[in-house]
Amino acid sequence: MQIARVLGTVTSTQKEPSLRGIKFLVLQLIDDDGRPMSGYEVAADSVGAGVDEWVLVSHGSAARQVPGSEQRPVDAAVVAIIDTVSIENRLLYSKRDQY
Amino acid sequence: MQIARVLGTVTSTQKEPSLRGIKFLVLQLIDDDGRPMSGYEVAADSVGAGVDEWVLVSHGSAARQVPGSEQRPVDAAVVAIIDTVSIENRLLYSKRDQY
Amino acid sequence: MQIARVLGTVTSTQKEPSLRGIKFLVLQLIDDDGRPMSGYEVAADSVGAGVDEWVLVSHGSAARQVPGSEQRPVDAAVVAIIDTVSIENRLLYSKRDQY
Amino acid sequence: MQIARVLGTVTSTQKEPSLRGIKFLVLQLIDDDGRPMSGYEVAADSVGAGVDEWVLVSHGSAARQVPGSEQRPVDAAVVAIIDTVSIENRLLYSKRDQY
Amino acid sequence: MQIARVLGTVTSTQKEPSLRGIKFLVLQLIDDDGRPMSGYEVAADSVGAGVDEWVLVSHGSAARQVPGSEQRPVDAAVVAIIDTVSIENRLLYSKRDQY
């Protein structure tokens, strides 16, 4: 999985019918110093993540291991909203500190 | 998923029989500032996307989660035509503005 | 899928038994200006592609969606010989012009 | 698989229900000279790896070939704690030497 | 598939039980001029490859299409020992010439 920050959203009317009702988030990948990396990802959201939150994103067939998404053509999914990231016993990120 | 713009098409007569009738689009990946990225992708189209439209492309086994494509040897598929992309509450792209 | 040109072949005697009879092609990936990209791929061929032809190559589990290859340990397959590539309404490649 | 060193942990309360009880490790990939590579990975742990240990990490659908994880949306898993890495008959790493 | 040279081995005692008895090889990827590329791979071996031999390595779910490995958490496997690599009708590598 990768650590990412929610940047925004993508909307679409004309799409695969199985994608109706899916929320698409634009994610910015975060490196292990907490800095934004180049590149982004569009992922299906099933955990209710909002803009600026840090999340875990799973890629590939893992993105379909979410109840109801088994046969959806998605290759990335937000699977968790992150509470804390600790690196070398140092707290890199804490959701509580953001609010 | 990645955001991409439809650049063109690929045609082929001699191919895996299961690929007959599939439209192959050449896609240019778009970064989160709306600029073209280096690299491209050839993807199967099932949503009727046309040249210059912005689309969502799914890679890997997700590309076969489209009715009728379950057993086709495709590793990328256009799964949605994008209406809007919003980044940090700013509208990066709107299909309506293009026409 | 990626566009590639057939560069050569790989032969092997000592291999997974399920790979007997499979032709392995060395492919050079081609960018969307028709220029060779760095990097290469070895792919199973099921469409009879020859050296210098432009082909479509599928990666990952898609490579096993070819009759007879469902249980072969291949992660790339040539699935089509390309007739034409059109980019922005310009003909980038035409097989007919090569001969 | 890649060789990685355990850097830290990620915690999350709000997540896919199937991820409850999974320990998420932050991993730093190691190159074949034993040096840290740029980039990191968050992986599910099933072997009880601790900070600073060298491990093998598997990506993609392989990460779900762990008893109990078959239907979890994880795309990376620590599958082994490394005892030794030998390169060109030289011992690059030995777990025993670390303690 | 990629062409690689066998560099060394990884050993592990504490691992997923399904990985017992699997030999892990450290592989150096080789480019299409026969030169070592940066980066490496750890792959399960099922064909008895030895140090310095050139092999074909398959990634992803293909690595589990080897009898007995269907449910092992491996994402790369050596599937063939290479006899020859021919590029543009030139013999880039011949196993026979190495001994």
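Read from first to last, the chains carry the letters A, B, C, D and E; within each, the first residue is number 1.
Criterion: a residue touches a chain if its C-beta (ideal position, glycine included) is under 8 Å from a C-beta of that chain, and two chains touch if they have at least 3 such contacts.
What you are looking at is a predicted structure, and each value in this text was computed from that prediction instead of being measured.
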Inter-copy rotation, subunit C to subunit D, in degrees (Cα atoms; steps of 5): 145
For subunit C paired with subunit E, centre-to-centre distance based on mean C-alpha positions, whole Å: 21
Rounded Å distance, subunit A centre to subunit E centre (Cα mean): 33
Interface hub residues of subunit A, defined as touching at least two other chains: 60-61, 63-64
Ring topology as an ordered chain list, initiated at subunit B and continued via subunit C: B, C, E, D, A
Interface residues, subunit A side, partner subunit B - complex: 7-16, 18-19, 24, 26, 28, 38-43, 51, 60-61, 63-64, 71-76
Touch list for subunit C against partner subunit B, complex: 1-3, 31-32, 46-48, 56, 58-66, 77, 79-89, 92
